[in-house]
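What follows is a single structure, written as structure tokens, with notes after it.
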Amino acid sequence: MIGGGIGSFIGDVHRKAASIDGIIELVCGAFSSSSEKSKQSGKALLLPEERCYASYEEMIRKEKELPEDQRMDFVAIVTPNHMHFEPAKMALENGFHVVCDKPMTLTITEAEELEKIVHETGLLFALTHNYTGHPMVKQAKAMVKNGDLGGIRKIQVQYLQGWMATQVEKTDNKQASWRVDPKKSGVGGALGDIGTHAENLVEYITNLKIAELAADLGRFGEGRVLDDDGNILLRMENGAKGTMSFSQIAVGEENNLAIRVYGEKGSIEWHQENPNQLITRWIDQPKKVFTPNGNDLYPEAIKTSRIPAGHPEGYLEAFATIYKNFAIHLNNVLAGKNIEQPDYPSVSDGVRGVRFIHASVHSDKNNTAWTKL
Amino acid sequence: MIGGGIGSFIGDVHRKAASIDGIIELVCGAFSSSSEKSKQSGKALLLPEERCYASYEEMIRKEKELPEDQRMDFVAIVTPNHMHFEPAKMALENGFHVVCDKPMTLTITEAEELEKIVHETGLLFALTHNYTGHPMVKQAKAMVKNGDLGGIRKIQVQYLQGWMATQVEKTDNKQASWRVDPKKSGVGGALGDIGTHAENLVEYITNLKIAELAADLGRFGEGRVLDDDGNILLRMENGAKGTMSFSQIAVGEENNLAIRVYGEKGSIEWHQENPNQLITRWIDQPKKVFTPNGNDLYPEAIKTSRIPAGHPEGYLEAFATIYKNFAIHLNNVLAGKNIEQPDYPSVSDGVRGVRFIHASVHSDKNNTAWTKL
Amino acid sequence: MIGGGIGSFIGDVHRKAASIDGIIELVCGAFSSSSEKSKQSGKALLLPEERCYASYEEMIRKEKELPEDQRMDFVAIVTPNHMHFEPAKMALENGFHVVCDKPMTLTITEAEELEKIVHETGLLFALTHNYTGHPMVKQAKAMVKNGDLGGIRKIQVQYLQGWMATQVEKTDNKQASWRVDPKKSGVGGALGDIGTHAENLVEYITNLKIAELAADLGRFGEGRVLDDDGNILLRMENGAKGTMSFSQIAVGEENNLAIRVYGEKGSIEWHQENPNQLITRWIDQPKKVFTPNGNDLYPEAIKTSRIPAGHPEGYLEAFATIYKNFAIHLNNVLAGKNIEQPDYPSVSDGVRGVRFIHASVHSDKNNTAWTKL
Amino acid sequence: MIGGGIGSFIGDVHRKAASIDGIIELVCGAFSSSSEKSKQSGKALLLPEERCYASYEEMIRKEKELPEDQRMDFVAIVTPNHMHFEPAKMALENGFHVVCDKPMTLTITEAEELEKIVHETGLLFALTHNYTGHPMVKQAKAMVKNGDLGGIRKIQVQYLQGWMATQVEKTDNKQASWRVDPKKSGVGGALGDIGTHAENLVEYITNLKIAELAADLGRFGEGRVLDDDGNILLRMENGAKGTMSFSQIAVGEENNLAIRVYGEKGSIEWHQENPNQLITRWIDQPKKVFTPNGNDLYPEAIKTSRIPAGHPEGYLEAFATIYKNFAIHLNNVLAGKNIEQPDYPSVSDGVRGVRFIHASVHSDKNNTAWTKL
């Protein structure tokens, strides 16, 4: 693991998520740019001191020197945005598979370079767009894919948080400070942090690409140079239209990611904060609400559930599904088996996310001009 | 009453709404452009034959000839859009107060002319933006006005229906056929029919004007020349930003008008389909849900409820509140009393609505250019 | 109208409900036991002074003396419980049809006597169990009747209010004071006031009679001799079992009447506070949510709606449905037509309610012994 | 671990729950009464063969022979009900701490014997009443304890499932077959399986004991000798009254455990299927909805959350909280530290559960007679 030292939010989430299904074990880490802090973090995680490295470079180099059956199988990158590209590149170039947090890189060039390396090396790469790991998101995607909704016409997606409504970056809030810093966060603020999740969810569920967008970004927190709010019009490749709204200054909202997709025959609605139901509406039937392990589900949804109907799974379990599917893939590759790739977000999804950020910033700077993705 | 003959939807709603509080009585009507049909409709409504007129012109002329204490007190106009301006103008010019359905007129010029006449004559004019009649909408407006939410930053409003997802105008659906006809509906389709309700609700609750908008309209029904779907970015006069989405092709949606308004300290959320709760979120308190005649309400909300907490009021009651407040105003004016105007939508709200339609169409034609309202 | 003077809650509800559909007109009243107050109330309701009577006896007597086409068509009794029997009896004995509030009478003997008179005279009698007037309650009943749920096995019903959690009867709360007084309320407190609604709803929806019950009543308000809370086990005539819980001391609850009915194949769930949805669950399908004028409804539900899907109807409209169906019946009878009785609660439902109150009190006094209804 | 072989439901849940927080490691197991199956299960769990035992007796004996720093720290018992007592007793008598599934034992005598041994040995014992592990359940308990609701007056608890609505025990459903068998399940069917969870949740949240109960049990599945449904009246030690309803034949219900508790000043409502909100109602404030890591929580709730507000935790996480608190306790005890016992269900809670089962069966056999617990 690269990043995720003591006090980290997402590093701890990655570790819990990876452990739930009992098929992944943490074996080493470069948890901090401070050697001391990295060792302390590793110790707290019960790792042997010699595998708590002072830097990701050291980790990749030394692990590579270990016998094949002792070295780490893959690298998980859980650092702030600006520290994704270099570690991912070095890991791939040294033969390690990669799990990387989103957004994948700061620039489109970097993203495309990673994509190229992945394709050339054949190494596995997963991007943790964790919300695609929910059974009801799998069900939604399968319903669209199977034509249940008919041709898609309209999309509404939102990702609303309120925790940055005040100037939390001026307090000792470690999560806020790097997010408002263009050097660490890139050209997008909330755009990269949560907007990319919304973008990914739209393309994942609809099986359609966003063709172009028109963005109006907000910077409501005093002194912020990056967006903390945004409203975007979407046009999909098939002619469907939509809206995206995201915010980190939507007071009182916690983690309100939600999506509605309307087709010619039916529509779906899903809410991350209550993830275990998929609301569907129909041109000729009453509203139907699907639940994990409930009636009438597609296999893609069924196989994603861990426990019986009515036993809610949550954020960690969905996150774990990315790791589980990646690990199943990896185990098969390591065992020399050639299986169909299990469903997890890819390096190409990462490229889409970075393109989305840059297209949105470009549109916003050009008075909300329609901009191709 | 002008319009609202047998088989009419909104005419019947107006009549039921006007009767609930027992202070308004239907006395005459020009229910149809067919004299025969007007008389039949009037008969079904237990009106004397001599007060069922063949045209609105006849009605206004003949009622004016009646002694003052026998003639109608005001005119209610419940015709399709293109038949609002002329009857309203004639009624006002003949000294009758007016209740008119929305959108007020087809053109901005007409709207401003009505506004001018109302201001010059001092006659009363109510526009039936009925959704402002809900107690919880009154509460939302009062909360914003009293600064409970702090400065407004973000708005999301939607008005989603699905009943025109197929080509219902090709069936004998009377409601659909005039709505897709620019001669009767004007330059906006769903824009005028439901978009104006969304626009009015935004300005009503936030006490802010929409400064400019950027619109992307959809025409998904085959052969339609008017919009049946739209996505609009909003910028308010105070710098707040927002999205509006409306549709009549959102399959499975019934009458899903909903709004969220985020301020610096708190936010509100209201859904027309479950109108008896106002969800509020706060920077430093748990989510609070207000209910009609429940705890901690502003007087504006309390006085709008007719029955105790937990006894749901609905669409007709909210509609009735427009009529009730108009009637209270009118009774006071007729009694020579000078009271503060009760809260109901005015001719100026009507002008805003028509401007909104035209600005949206203009923006859409200009590739979603920002357009002042 | 008998009762319902100025300041009355339920009298005003009856009047609004009766007026919504425009087929019933208030023509006279004995609104109060004080002649003066009756006249004042009548005046406020725009009635001529000579038809505002000092007592119900006077009203019935004098109206009977009027020519047939001028006298009232039926009597609406909206007084406290102890003032239902005598007026209803006298009205029936003088040839007037009756609409009566619930519970019908204080004693089973009285209830059976009214039933006998109604059956002997052939006069119409409606009891205002208003909650049966909701379209989704009609749908629930029709689903059970058509066997959609299979044989009924389990019932949960509750009616929870909190407004009597403190000793409001010691304040000037007119609604509370008679409800805690056995002379006016009868042997049941909350039992009669709201428990009977729950009992009626169970039998209405399931088309089954309660065979026996075991009750544990509570008197939580200091000094109260009548129940203000109750928990009852139910056994239905077909072997189904259930629970009923009602309360007027359930702090924070407004008017939370809700029911769940489980059959062998499916189940229904309905909530009065959000009356425009019927939640259904199935052994082999996802949860389905029906809405008024939505898809896949039975005719009984469809014909009860006044406005399109998504336009919520509420408490007053459901109440109005009792009046509307009664008036349709009455109009047909007056016109000499022999039609099937429209669906509204009957005098026999009233007998069931009074039996329910007495059985519950008996069971409670006998240490929760199973008691036949 | 004792029990929990391949195909087990609850064994897998225990393992996932124990692993989430990274402080518990599975080291050995007697996963099945078949030595072969036990070894296969252990192998799938990556355990060394020599620590996959053929029986719990062998496991306890052999582990005890290992050096103290190599042997297991505690035993987790995840077998059907009839296999709890003997393994727990033997483990305790051999000095091992115990985590045991519920209901604790088949008879009250057994339960009291375990309680006695625990008290005498000072060994730790946790019963996996997992629903007490939710942050919002902790918040509810803390609110009652701190007097926020005032004195408790009324309780409604339900635990509804529908998966045994048909005769699933006649299929190869392993979960169903032992549950309908009195030899394995004990005198209670649904009573023991889910009723005990409801009973425990009531006493946990209210901090009150059930004084007596009156039960009416149902056996709706053809040929069942044990209850598959039950309705119970409750009287609490402080005079509060309540209802409990549980069922495994409530068609369409998945795992609908829910509770409402009404005090003199406020009330709480919690639903297991949507566990991340606690609805509260108040005598003088609007409804307030608490969320994990949201505003205004008690420390007991805050410290139970693993991730930020709006990131839902679910069934596994709540289950994990039992293990986490038990492990924290155990680590401190092993380290010789004397800390206050963290909050997890105890052997005494186990005794209450077994008493509840037997009291309910006794009451049901005696025509719903009030029976002390």
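As written, the chains take the letters A, B, C and D, and residue 1 is the first residue of each chain.
Operating definition for what follows: a contact is a pair of C-beta atoms (placed from the backbone, for glycine too) under 8 Å apart; a residue touches a chain by one contact, two chains touch by 3 or more.
The structure displayed is predicted, hence computed values, not measured ones.
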item	value
Chain pair among A-B, B-D or B-C whose interface repeats that of C-D, sharing over half of the contact pairs by residue number	A-B
Selected interface, A-D versus A-C, where C-beta contact pairs are more numerous	A-D
Separation of chain A from chain B, taking each centre as the mean of its C-alpha atoms, in whole Å	43
Whole-Å gap separating chain A and chain D, where each centre is the average of the chain's CA atoms	35
Whole-Å separation of chain centres (CA-atom averages), chain A against chain C	55
Multi-chain contact sites of chain C, meaning residues that touch two or more partners	253, 282, 287, 291, 294
Of chain A, residues touching chain D in the complex	9, 13, 15-16, 19-22, 45-46, 161, 163, 253-256, 272-276, 291, 294, 306-317
Contact footprint of chain C on chain A as seen in their complex	282, 284-291, 294-296
Chain A partner contacts - residues on chain B that touch it in the complex	149, 153-154, 156, 158, 162, 165-166, 214, 216, 218, 220, 229, 231, 233-235, 241-243, 245, 247, 249-253, 262-267, 280-283, 287, 367-368, 370
